[in-house]
Amino acid sequence: MSASATLPLLILGSSLLPGLVIFFLPESKVRIRTALNLSGALLKLVFVGVMAWGVFNGTTYETRLPLIPDLEFVLHADALSLLFVTLSSVLWLVTTVYAIGYLEESPHRSRFFGFFSLCVTATVGVAMAGNLLTFLLFYELLTLVTYPLIVHRGTEVARLAGLTYLRYTIAGGALLMIGTVWLYTLCGTLEFTYGGFVREFASASTNRETLVVIFVLLTAGLGVKAALVPLHGWLPQAMVAPAPVSALLHAVAVVKAGAFGIVRVIYDVFGIEFAANLGVTLPLAILAAVTIVYASVRALFQDDLKRRLAFSTVSQISYITLGVATVGPIAAIGGIVHLVHQGLMKITLFFCAGNLAETLGIHKISEMDGVAHRMPWTMVAFTLGALGMVGVPPLAGFVSKWYLGIGAMAAGQEWIVAILVGSSVLNAAYFLPIIYTAWFKESKGTWPAEQPRGRAETRWTLLLPPLVTALLALGVGLLASAPFSPLDWAQLIAGREYGR
Amino acid sequence: MDAQNLTQWIFDTLTGLGLLCLAWMALASSQLIKAIVLFVAFGLLMALTWVRLDAVDIALAEVAIGAGLTGALLLAALAKLTAVQTATSKAAHRSPKDRAARKLYRMPAALLLLVAAGLAYSVLSLPLNSRGLSIEVGANLDASGVGNPVTAVLLNFRGYDTLLEIFVLFLALLGVWSLGSLPPHRIEPAGPVLNTLVVVLAPLLILLAAYFLWAGAHGPGGAFQAGATLGAAGVLLQLAGWKPGPGFARLPWKLILLAGPALFILFALFTLVTGQHLLEYAPERAGILILLLETGATFSIGLTLAALFFGERPDDAEGR
Amino acid sequence: MEVVITTFPWEVVLILAPLFGALSCFLWPKSARYLALSTVFVSVLSVVALAIRLITTGSYRHAIGGWRAPLGIELLADGLSLLMLGVTAVVGLAITVYSTGYFPNRQLLRFWPLWLLLLAALNALFLSGDLFNLYVALELTGLAAVALTALSGGRAALISAMRYLFATLLGSMSYLLGVVLIYHSFGSLDIMILAQRVVQSPVVWSAMGLMSAGLALKTALFPLHFWLPPAHASAPAPVSAALSALVVKASFYVLLRLWLEVFPPGQTAMLGELFGALGVAAIFWGGLQALRAGQLKLLIAYSTVMQVGYFFLAFPLAMAAAWCGVLYLLLSHALAKAAMFLAAGNIIYFSGHDRIVDFDRIANQLPMTLAAFALAGVSIMGLPPSGGFVAKWLMVEASLKSGQWWWAFALIIGSLAAAAYVFKVVGHAFTQTTVRGQTNAVPALMEWTALALALTSILLGLVASWPLAWLEIGGMFSCESAR
Amino acid sequence: MTTELLYALVGVGLFSLGLYALFVRANLLRKILAVNVMSSGVFLVLVALARRTGAVAPDPVPHAMVITGIVVAVSATAFALMLMLRIVQETGRAELPDTWSE
């Protein structure tokens, strides 16, 4: 097998094998486990780097293995998948470091890190899937391996949350499968191709209604993980999981897989023009807009910090959908780049929330008075992330929203701009108070459950990750126009999808 | 039609009706003992029917196994049933279930009539004469090594069926033995009359078995009939109050028990290593091989049937 | 060497070895365990050899006693039988290994000969090309299965064994009457000969009805499933595994053979629709009962009822993709279900009960067992990557292709129900409340066996192209040309 | 109607009768009898129809099949009877309870 065919497998293996090994490690072997985790994560970064360079120089990486008669297991790396792969492998490294610190002394860590690695493997698989079958395969795998992470705590609440999660995702998977098989019976292929494969294979023979139904099935199946209203119900409940899990779930793994899937379906399955003249993009855009507004409003009334962040995720993730559903290259750029930006900002926020909970036992916003004086660095990171979410220049969020807005104008859909403005106001309304409380209110002096204080405000393993991600979020905003910046990639992708 | 045909026809009709009536009475009678006796009678009438249908081999098998041994098994079971029921502390209260069930199954009854009608119709739609495989059998009878076509089919043409079927018998014994043992119970010892009868009858039966075994090659008879009569001898001995000791679960007896299946398997393995087809006998040797097989089968069948009549594993019976 | 493998009658070994093993286990109980293990090992090897022979030389027949059909009985080795023999060998090996640890000694002695006879019966059945011989094999299978069910000797076990016995006897009787009618109208018992001779007629109608009904009863197709859940739930775990994984499949295999080769196509359509409808009913009913079940083994048993429903969905579709899908389902279900029952056995062995709500901490105490259960569950609910997924894919594809989308709908609903009851168990296994009652350690071998089976059922999802290719040996249908 | 068909019909009758009794009777011994009657019915059909060979001797293959069948039947019966006795020992009744659970 040639190098270009093995590299995708190596990228999968770099998290798969450590995960499998870790399962069989006894709890006490902390060092080996940590070593395995970190080396796996670093190795993956290296491989991804190599692949990025290759793709930039026009090498095509593709792995094909037989799976079902006439249907292959295909991994390949185009610009879009590379964007997602890079994001997930970077954030996996950071989150691993964080998780190691976060879970110190807690039970069943082998199990936890095992599934953690599998979770990333599945995500990377989703990113590199070369046809809808392979995508479905990893998408379902993702469902299965995240379940143990959600019920990790083993409380009754966790069990029920896990059940809800499965109800949504398994049902979604079923819809996705029907859609996929149906599409296959019509087109005889499932290969992702620029501009979509449905157009040439199906448009002649089959009637449009069928295709619309299939589109609905697929987007509904993906919308569950992408938390499109009204399919978002599982997300806030999944908050019972340990902080690193929620961080990964919200920034990279589950939610992103859904959004990424929608992007794939619209661009590489149906093709944007074809989807547009099927007349399915506008309803999708409207649904996304509704989600954005509704979730922001819900977020306003949450006192529990993680729940507020959860609803914020629901709203922010729909920017991606909105971006691709707005037919037009510029909006597309905004949506695609938000895949990365939202990830960086949101993971920062969850890390910080985790720190507050872990060090001071703070879970509610009402308990945060003056916490910034107790944990300044954490709150700096938090503030950066929050402001980014609101869309304050020159932070990452601003860039996304800017392109979305311009794109909407260019596509002649001004109403979207109104949505953006409105949602930004709402974001401000639910983030700024937190920042205000944290920095300017008098602290009550005592914290719900304070851990013995070390030299730093908390363990460095907990402090470093949020700072790194916050800086990244700042960086991608500042250096947006630099080569290899997410924005640069997004432009490349949108260019290809719109055939320029 | 002429007189002979008429009488035949009357005879057939009466036999047929008799079979149906006996079966119905056996299944409907209120007391179990009566049911069993009627069932045995049914078996005997079946035997008569077999003779009428020119199936003497089956008639013998029916008398020996169908009516004889099954009857004995049933009676023994009934005796044990009452014994066990009294032995177990739990009260054996009758339930009105039969009646309830009958109500419940009115519908199926109607449906069943339909099924029966359909079956009858399809049977009637069969062609009035067909040779089946009789021609093929006749053509190859000389090569089979025996003169009796039924034995030829059983031991040669379709010997594989017989192999599996001997294992079914063995399996039944294993199953019965694996069910463990019943609580202690005693069946009424036979009276002096029976005892003397046994003394006379048992040897006779053994002789009869030997005859059947020998006759099977050319005329009616064969391993099953022989084995069954041998089994009957064993049953008689037990009726006379004789009990097999734990030794009967030990190797030598086990070997006799397995004589039939073991011989079959050995032959099969032999044909396998010599590169022939499974259970293939050279025509010149077929006769003797079949007789050998039948002898083994006779012993195992007889012993197995006797053991089945006794019920639990001899050493278990001791062990309690 | 090559020549030996491609000419030696391995199918005969597959029948004789277990029979011989059963006899020797009965004669020398002291060394029964090793005799049994070696027997099973031999049969695994001969299946491999048979596979090589079939792949190189194609399907073939073995005239027993040198008498060709119609006078004699011919063994029939093709892709379909190879598939069934293979799964029997694999599952059989696993169960044999597992049983050495599971049973108390006294039961173990009684288990071996019965178990080997069951294996022999199954092999004989999957190889037989003769209707009456199939009847004898069916009886052997049924009696062995019942005897094994009653092995533990508890009240529930005995009662359910009795019910099972009546069901299986009734099934064989009905089948036999069908055989009688077929024989007397076409003058042969050999499947291949009948394939040419059978033509539509009232006799064939009733024969088809009788045989199908009898076999459906033995396969526990709703509403004839009443005997299955109690039997599979109250038998010892390894036996339950064998019953669900292999015995149920045996009668279904016979039905499939008759359907594909004997029954005239014109006549099967209506019955096919009926089978499909009953299959759907089975899926819903089985799923519902499995969800309501409070005990693990009962849950798994009802899951079998449901999966049997899946099998019968192929009849109305009656196209290559559907047959391949169903056969692949047989394969993966056998492995997965066996793994599930063995896992359940571990849990019972460990905690002395199988009440699902009290499974706290199983995830920590028996991680490998739970992993086995969950992985098998993935295959049962047909999620990728697993054999179950491939099967589901093929069947859904077939039903959408033929425009009969409602069967696909039933399939999907079924897999959702399956997910629900599998995760009901898994969820309770993760909870952390303190464990009541004393526990005893499970031998590692038992845990590994269950896990190995489960992994195999997952692996089937990744190597689907080979088994599906072997299935085509003998050319009953082609999975490639399915589309 | 010929002898063969007459007896074949009787066989069908016995089969149906046994089937009915198997459903309706609760007592296990009766159920076992019913199964035996059923099998006798099947055998009767098998042998009766084997006599349609006209003048020459009947087709021997069905005869062999029936002898095999009889042995299978007696094996099943013996096993069923022992199973029944064990159930009686456990429950005190020769009947199957409606619910199977402990």
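Observations on the structure shown:
As written, the chains take the letters A, B, C and D, and residue 1 is the first residue of each chain.
Note that in this section a contact is a pair of C-beta atoms (placed from the backbone, for glycine too) under 8 Å apart; a residue touches a chain by one contact, two chains touch by 3 or more.
Nothing here was measured: the structure is a model prediction, and the numbers come from that model.
Counting C-beta pairs in contact, the chain pair with the highest total is B-D. For the pair subunit A and subunit D, the distance between C-alpha centroids works out to 68 Å.
Centre to centre, using the average C-alpha position, subunit A and subunit C are separated by 43 Å. One simple way to say how far apart two chains are is to compare their mean CA positions; for subunit B and subunit C this gives 31 Å.
For this pair, subunit B with subunit D, the centres built from the Cα atoms lie 12 Å apart. Counting partner chains per residue, subunit A has no residue touching two or more of them.
Counting only residues that touch two or more partner chains, subunit B has 119, 123, 126-127, 130-133, 137, 157-158, 161, 165, 168, 171-172, 175, 179-180.
Shown for subunit C are the residues in touch with two or more other chains, namely 132, 136, 139, 143, 146-147, 150, 153, 177, 181, 183-184. Per the contact rule defined earlier, chains pair up in contact as A-C, B-C, B-D, C-D. Within the complex, the subunit A residues that touch subunit C are 23, 66-70, 73, 107-108, 111, 136-137, 140-141, 143-144, 147-148, 151-156, 158-159, 162-163, 166, 170-171, 173-174, 177-178, 181-182, 184-185, 188.
Across the complex, subunit C meets subunit D through its residues 132, 136, 139, 143, 146-147, 150, 153-156, 158-163, 165-166, 169-170, 173, 176-177, 180-181, 183-184, 230, 234. Against subunit C, in their complex, subunit B makes its touches with residues 118-119, 121-123, 125-127, 130-133, 136-137, 140, 156-161, 164-165, 167-168, 170-172, 174-175, 177-180, 251, 254-255, 258, 261-262, 265, 268-269, 272, 276-281.
Residues of subunit C touching subunit B in their complex: 9, 12-13, 16, 19-20, 22-23, 26-27, 62-67, 70-73, 75, 110, 113-114, 117, 120-121, 124, 132-133, 136-137, 139-140, 143-144, 146-147, 150-151, 153, 177, 181, 183-185, 187-188, 201-203, 205-207, 209-210.
Note for the complex: subunit C touches subunit A at residues 363-364, 367, 378, 381, 383-385, 390, 392-394, 396-397, 400-401, 408, 412, 415-416, 419, 423, 426-428, 430-432, 462, 464-465, 468, 479-480, 482-483.
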